[in-house]
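Before anything else, here is the set of structures, which you'll find just below.
The two complexes that follow have chain A in common; it is paired with chain B in the first and with chain C in the second.
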Partner chain A sequence: MVKEIERAGIPVVHVCTVVPISLTVGANRIVPAIAIPHPLGNPQLDEKEEKKLRRKLVEKALKALQTEVDGQTVFED
Partner chain B sequence: MRLELGKINITDVQFGDLTKVENGTLYVNKQELIDLILEDDHIKSVEIELARPGEEVRITPVKDVIEPRVKVEGPGGIFPGVMNKVTTVGSGRTHVLKGAAVVTCGRIVGFQEGIIDMTGPGAEYTPFSKLNNVCIVIEPVEGLKQHEYEAAARMAGLKAANFIGQAGKDVQPDEVETYETKPLLEQVAEYPELPKVGYVYMLQTQGLLHDTYVYGVDAKRIVPTILYPTEVMDGAILSGNCVSACDKNTTYHHLNNPIIEDLYKRHGKDINFVGVIITNENVYLADKERSSNWTAKLTKYLGLDGAIISQEGFGNPDTDLIMNCKKIETEGIKTVIVTDEYAGRDGASQSLADADPKADAVVTGGNANEVIVLPPMKKVIGTLDYVDKIAGGFDGSLRPDGSIEAEIQVITGATNELGFNKMSATTF
Partner chain C sequence: MSKIRVVHYINQFFAGIGGEEKADIPPEVRDGVVGPGMALNKAFKDEAEIVATVICGDSYFNENLEKAKDEVLKMIKEHNPDLFIAGPAFNAGRYGTACGTVAKLVKDELNIPVLAAMYPENPGVDMYKKDLYIVETGNSAAAMRKAVPAMAKLALKLAKGEEIGSPAEEGYIARGVRVNLFLDKRGSERAVDMMVKKLKGEDFTTEYPMPDFDNVPPNPAVKDMSKAKVALVTSGGIVPKGNPDHIESSSASKYGKYDIDGVMDLTAETYETAHGGYDPVYANENADRVLPVDVMRDLEKEGVIGELHRYFYTTTGNGTSVANAKKFAAEFAQELVADGVDAVILTST
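The block that comes next holds the complex of A and B.
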């Protein structure tokens, strides 16, 4: 899906846990997620902390979307 | 560490007044077994049923299959850390009821439990159709949480296997096989001219009912470590898995790991089999990185020339597999990976979720997406209620006449990634 949307000319950020698979399939902007069963959250945190974590992840993805890249890039921090 | 495995051939199973083995027949005292399992107050009721090779019987949903074994000499007992004290096992002598198994089934725990047909086309796909099975059909108490039910079902199977295994304690085995692995420096010195080969044994540990236990420890909490191969034969590794039936390693598979068997067969002939490295398949990327770094480190530390790596399950564990392969190869150690495929019903899709040019020696257990039709059976042990829901099944899998159309993914052990089964593929 990542590749098809990009082929249509729309930049994509792939937020995913298993970065190596994302690299193998050819995503260009990759934001590492939390864990496979809960990529965008962490049930071990309390609600307030988790919300912070989730917001940070979304903001990071939005920032990645606006960043020019030259080949496959993993946005570590 | 040296282990003698005394194999007692079992050719039939019957109910009887005493649980015993006589002239190749396993007799099971049904009530004793029921009472033992009902000691657990998570279980409301239990039925014991027998299924023999060739009978028109379908067992489903199957959770685990366990071979009855008993320790007769040497330290510890079978299933250490769970059924017996957490003593290091793998030496002395163990008796095996070869040809018999305990099968746990009953209402579904997760959504990835399996089917065993004792006859017909489905029977060809599962090694358990050739065994004399004591089936434990469990009914949990109302309101029991899924993970508590999984634990209760797992323990019921182990208890039953431990109990039935005792019947082999004083029986003269039909065949005794000896396996020995020496401490590393001695083992290396024994066959200095032969290539040193190790086995990287990946265990399913994704959590959420996808778990494996090592000496009672949940393996997602371990870092890769080294075992003597014979420890595995005494039940050091147990399945707690409700993952896809076709490629999960049941406890039976662990006890009879064919990669370990085959490496021993060639040990001292054309290879020097120096040991087993166990590792996990966790759901955090950092865990995957750490564990694969450690398997590579340990293969180098052991001075291996080659390693066999086996996977369990599919999907994101494909990445663990490829990471292990890549990092071990980078250490200059040759690898062969053992996996299976999800290549679509027509076999045309990419087989694994991850890949690397270094993974250039691959053994496959077959394509789990292949569709099969299983004819109706006269008797069902367990229930057909979940056939449409288990992984590999779909809406309408169960037909009105009791036949089943589904992917072979639903069959317990069909594409086993230890190579326990018959299917594979060759590239020309």
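The block that comes next holds the complex of A and C.
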């Protein structure tokens, strides 16, 4: 799906836990997520901390979207 | 001659430990066969025997990759195998990548023949087909009966160091290896034959298929995020409570488009996941963990992004064919363009 969105001309960032799959699928901007059943959350944190964590990931995703890339790029910390 | 010693790798599901709720179990090793190993052992006749089975949860393996690799390799090594087999993983993505990763690791570190088995669309295939013999299977465990004899046959050949035939003969997925061979007709003749067939509209088989790369170059970055319209898309199956369009929990044949105008937060009362490929507890409790609507609303209010697009698109990425996923996205990407969306955040579980 990532590739088809990119093909349509819209920059897209893939936030996902299993980065090797994202690379195989052909995503160009990749942000590694937390865990498979809760990519943008962590149920062990209290609600406020969890939302903070989620915000950090979304901000990272937005930063990736504002970064020019030549090819497949994984945005680590 | 003593029997060939085989170590077998399977996931928590095929070990009978549990489904997605057990996908986070760390690796363990058991003596002898577990689950599908039984059928493999039988197919080996008396030539080989599974001496140990290593089991690991699919989520554990992929989330703790380096640690899991070390642990699993140690367990395999302890049993001194002559041959290593992983799977079959069918179309289970995380299981397939785990099988491929372990098989490659064993091949490199222990220098013994290895074998995996998967459905051609499993992401583990593209990652490892160049390095490994991967027997082609159907897309679900229903294909086990067909997979086992093909695996056993190729495994024995590999263990005995026998010559391996072409992918079509042996039933493995083409690795892109070119082999020299002699034919009766010379190249020019064969090329002209193919050309004539092509002109007549007849079927012909190329001797050198072109690889299908199909990479899409990245689009330019968003210049001004504070004016951008950003859309959310997910393969994590987030849907309004009750799954009104009945998106399938696996092998999805459709996607959903849902209006989130005025929705500030996804709650347990209003949204859930339809995905059958991961433990749904956390997403059902709070779907923002998969589709971050709450945070996007905050960022919208603060002016970090221009606006959150009023629709999100969703499907379940669980065993869904590449052809379907491609079709879904090709369709809704046009809508996103028409709606003036500047950027997309796609989340996957």
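Quick note on the criterion: the second predicted complex is superposed on the first by the 77 of 77 C-alpha atoms of A that agree within 3 Å, B and C clash if a C-alpha of one lies under 4 Å from a C-alpha of the other, contacts with A are read in each partner's own complex, and residues count from 1 in each chain.
Simple rule for what comes next: a residue touches a chain if its C-beta (ideal position, glycine included) is under 8 Å from a C-beta of that chain, and two chains touch if they have at least 3 such contacts.
Because the structure is a prediction, the values reported are computed rather than measured.
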Taking the superposition on A as described, I'd like to know which of chain B and chain C A:Pro37 touches: first, second, both or neither.
both
Just to be sure I read the superposition right, which of the two partners does A:Thr17 touch: chain B = first, chain C = second, or both, or neither?
both
Considering only the touch criterion stated at the top, classify A:Leu65 as touching first (chain B), second (chain C), both, or neither.
second
Looking at chain A, does chain C or chain B touch more of its residues?
C
After lining up the shared chain so the two structures overlap, which partner does A:Arg55 touch, if you call chain B first and chain C second: first, second, both or neither?
second
In the overlaid three-chain picture, which partner chain does A:Ile5 touch, first (chain B) or second (chain C), both, or neither?
second
Per the contact definition in the header, classify A:Arg29: touching chain B only (first), chain C only (second), both, or neither.
second
Overlap of chain B and chain C contacts on chain A, residues 17-18, 20-21, 24, 35-37
List the residues on chain A that touch chain B in their complex, please.
17-21, 24, 32, 34-37
Chain A to chain C touching residues, read off their complex
1-18, 20-22, 24-29, 33, 35-41, 43, 50-51, 54-55, 57-59, 61-62, 65-71, 73
Residue positions on chain B within touch of chain A in the complex are 206-208, 283-285, 288, 316, 318-319, 322-323, 353-356
Within their complex, chain C touches chain A through residues 20, 23, 59, 62-63, 93-94, 97, 123, 126-127, 214-223, 225, 230, 233, 235-236, 278-283, 285-286, 288-292, 294-296, 298-299, 304-305, 315, 325-326, 328-330, 333-334, 336-337, 341-349
